[in-house]
Amino acid sequence: MMSGAPAVRVSIESSCERQVQEVSLDGLETYAPPLSMSQNLAKLAQRIDFGQSSDEDEDGPERDSREQWSKPEAEEDEGMVKFQPSLWPWDSVRNNLRSSLTEMCVLHDVLSVLKDKKYMTLDPVSQDPSVGKTPQVFQLLSKKKSLATAAQLLLRGAEKLTKSVVENQEQRRQRDFNSELLRLRSQWKLRKVGDKILGDLSYRSAGSMFPHHGTFEVIKNTDLDLDKKIPDDYCPLNVQIPSELEGSAYIKVSIQKQSPDIGDLGTVNLFRRQAKAKPGSQMWHLKLEAAQNVLLCKEIFAQLSREAVQIKSQIPHIVVKNQIISQPFPGLQLSISLCHSTGEKKNQRASPDKSKPDDHLYVLEHNLHQLIREFHKQTLSSVVMPHPASAPFSHKRLRMAGPMAYDKAEISSLQQSEGLLEKIIKQAKHIFLRSRTARTIDSLASRIEDPQIQAHWSNINDVYESSVKVLITSQGYEQICKSIQLQLNIGVEQIRVVHRDGRVITLSHQEQELQDFLLSQMSQHQVHAVQQLAKVMGWHVLSFSNHVGLGPIESIGNASAITVASPNGEYAISVRNGPESGCKVLVQFPRSQAKELPKSDVVQDGKWTHLRGPYKEVHWGRMEGRNFVYKMELLMAALTPCP
Amino acid sequence: MGVTCVCQVPVSEGKSVQQTVDILHKKLEQLGAVKQGNFWVDCETYHATGNATGQPSKLLYVMHNSETPLSCMALFEGGPGLSADANFDVLMVKLKSHFQNAKGHKVESRGVRYRYCDFLVKIGTVAMSSSARGISVEVEYCACVIPGDCWNLMKEFMQSFLGSNTPELPTVFTSKAEGLSVPVDCMDTMSQYLELFGRVRKQQVLPGSGVR
Amino acid sequence: MEAPPVSVMPVTGGAINMMEYLLQGSVLDQSLESLLHRLRGLCDNMEPESFADHELVYLLKGQQGNPFLLRARRSLLHPPAPWHLRYLGQPEVGDKSRLALVRNCVDVSASHGLPEVLNEMGFRMDHEFVAKGQLFRKGGMKVVVSKLSRVLVPGNTENTEPLSLSYLVELSVLAPAGQDTVSEDMRSFAEQLKPLVHLEKIDPKRLM
């Protein structure tokens, strides 16, 4: 029982309602005298029907009547347990009240017993004196311990969680490594040796005979900090390439004027281009490709230097460190160098002539790559496979050379005629000759306006041969004067010129020869133009010579001359044109127009005055007209009087 | 490779081998032939050792020709022959316990090579153990491989500088079962040389030939 | 077209002493396909080369010692190809740890008059057989997978019967004397064929 709880006052009072015996006329109520104890008991006892149980239903009216009586009596009487038959609608109420009565009675009994203090006493509960007075340290320690236990539990749980997360990540990374490995394997040759995964980046499976092993190793990239964010270019796979193949390389082929100083050779180490990273390609792919390129460049250079040393040529090739120098033409040098940069910072000696424009012949570098791949392909062709199978590997026709008794001509046709170096030198010579020819023609075209020189280069050409069609024309008269058309076939060392009239001339590589030849053709063109013009204008050609033997000797070619007469025969024009001496135009007038005519006794008749007589030179420079043929046309027109 | 005819030219009276060769050279040069290097043909003899029966063992001849530098011909006189690559010599070295090389019997013919349009004329001095024994002349018509088609032309050409020493159609061609219309082989040339060398071997040493 | 580089030129001159390094093994008919697949992947990238050869083994019985053995082989698929004559010396009795069988080898290619000349020289044909199969190549190494068949009627190569239900696999390299790295390369290549076929050094003397 709690002390201090708000008490609920339960008032219990007897209803004290006595039966009204009678009501006097003056309103006085006379109450029936209350029943005494014994009378009450007797009355109640009469009511008990011992023949009936308490649960049985009773008759209605009986019940009702009893109900009226029992209720007040139940309230009056305390401490008496009554056997009552259950009264249905008020049963629960009665039961509740009865139970509360029981409780109250018990309480009353206990209190009354307690009052006596003889058989029961109230005693407060003894408290532990230490509880209220525990020191702070102990509190702290206990709190700490409990916290520690809780924390340990939590930590264990967290550990399990992180372990599972890490395992998942690890698995994912493992799967990533495997998928990367799959991608690597789809492009590169791999094999497992022990517990290492090795790969082959050499060209041996494509037919190369280079003795480099070209092995790379595939390693797992485990230097990943899980806490930090995974970088974007993170790759779980890494490749380790041999140290001599690191970095990138290319072969530089260039033609320069022969350098007087030979001491600077072998230091070509210009490096100016970086491999462009293709989007989506992994780092290992780039690394492997770069290493493979370095290997191929090394093979090309090794082959070239081997040939440079072995093959005898008129002017020996110089092989210095990473450069091969040879002389294709006098005064020129061709240098082929292997430029290998290991990607270190620029602590290399800068090339002295950095300001020179890049004369790297990319075409030749590409051709070198193609040639070496062609070479690889040859070793893989089935021509090498022996039939019968026990014979050694060799070219099919070479194997037959012995038994079939091939003579020297047949054998030499089988042997390798040219190595890589010879081919590249030939190609370089051709490129140089072609560019020089173009330059010559262009410089002439820009320098000389009359006549005009046109060059039509053919689109399709060979590595060793190109061709160009050169036309010499006069502006405005292209249809008339087209007799000089030259087809130039530029070879490796010579230029072959085919003239329209069928002559074939072979020019050497000297620049001056071509220039002189073109100049002489241009001078011939002028005279040819006069001939064509005469046809159109109706003038008659009296004489024509491509190479006149008279007059001053030209140092380049020969002078040409032509004489044309007007339609009516009165006038004649003589032209002499030479490459150096320029053109000289003379007009022949009829005798009648001559100022001083020598009197002669023989020629008396007047009709002789119509013949052509003395010559007079034309001041050609002062003639009107934009070019020679135009001037000539004007002259002819002027000398043709209108009818 | 064309039709080849090998014949032996006797040494002129009162002249040495070298002088006869020089006369032939002059004749060819007058004809308009151009010198084109040298040539040599050699022949080594092997005989089988340890023949159980008393029969003379067949002789195996291994020949080389500078015209076919990668080849080596092995033939039996009047019998089968084969052409092989140069390793056959190595094989013969391995077989030395079974086949002995009769070194003293090595015969070779060396000389100058002339070219006259489509004809190739080789005039060689046949020597055995460095003593000149005779003169061999080989004429090859490079434009044709059927002996029947070009024999007349070859005979006429040979008459122009060999005169009376012009040979008849070599038996190598006539003895072939298929006749003269079968293409020639390098073995035909070598057989002719073998015959010539055989004759030279049987000849006695020429008087006044001296050391080459 | 260029001839291949020096290392695969035919052996000429006779001054070089060539040695053949050999490893042999065999594989049952059922497992042939997987072996061919594996070889196709490991060897040089070429179309697989089939061959059919007819080999005749000639013996020359001398007075003393062992008979001299020569092998003459011709191709049935390419009849105009020259014959191949081969002499194999005794296996080099070097250290036991030598990984492959090494013996002196002389290879001669000859014209079609070979059998008659050999007969004339005193050689007698001991036996002949037909070998059919495929040929692979890796660098200088040659892998020959062949089925050997017995010739029932001498000289008739159409009528043959297989000698066994398996294929003979041979890995061989022809190299000048004195190169030791060759057997190492052969061994590492043989390792890669390991579960399918075991290539090992088989001493012919032990089989006699």
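Every chain is named by a letter (A, B and C) in the order it is written, and numbering of its residues begins at 1.
We take it that contacts are C-beta pairs under 8 Å (C-beta built on N, C-alpha and C of every residue); 3 or more make two chains touch, one makes a residue touch a chain.
Going by UniProt, the chains are A = Mediator of RNA polymerase II transcription subunit 17; B = Mediator of RNA polymerase II transcription subunit 20; C = Mediator of RNA polymerase II transcription subunit 18.
Please read all numbers here as calculations on a predicted model, not as lab measurements.
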- Message: Is the chain-to-chain touch network here best called a line, a ring, a star, complete, or other?
- Response: complete
- Query: Per-chain C-alpha centres versus the global one: which chain is nearest?
  - Reply: A
- So, what's the distance in Å between the C-alpha centres of chain B and chain A? 71
- Task: Could you please state the distance in Å, as a whole number, between where the Cα atoms of chain B are centred and where those of chain C are centred?
- Result: 37
- Task: Please report how many Å separate the Cα centroid of chain A from that of chain C, as a whole number.
- Result: 50
- Message: Multi-chain contacts only, two chains or more: what residues does chain A have there?
- Response: 399, 402-404
- Note on the structure: Each of the following residues of chain B touches two or more other chains, namely 70, 82-87
- Message: Can you pull out the residues of chain C that are in contact with at least two other chains?
- Response: 10-12, 107, 109-111
- Task: Report the residues of chain C in contact with chain B in the complex, numbered from low to high.
- Result: 10-14, 60, 62-65, 68, 85, 87, 89, 106-114, 116-117, 120-122
- Across the complex, what residues on chain B touch chain C? 48-50, 52, 58, 60, 70, 74-76, 79-91, 93-95, 97-99, 187
- Message: Show me the residue ranges of chain B that touch chain A in the complex, using the header's touch definition.
- Response: 1, 65, 67-73, 82-87, 186
- Message: Could you list, by residue number, the parts of chain A that touch chain B in their complex?
- Response: 399, 401-408, 411
- Which positions of chain C touch chain A when the two form their complex? 1-5, 7-12, 44-47, 49, 51, 53, 55, 71, 73-75, 77-78, 81-84, 86, 107, 109-111, 131, 133, 135, 137, 139-140, 142, 144, 146, 174, 192
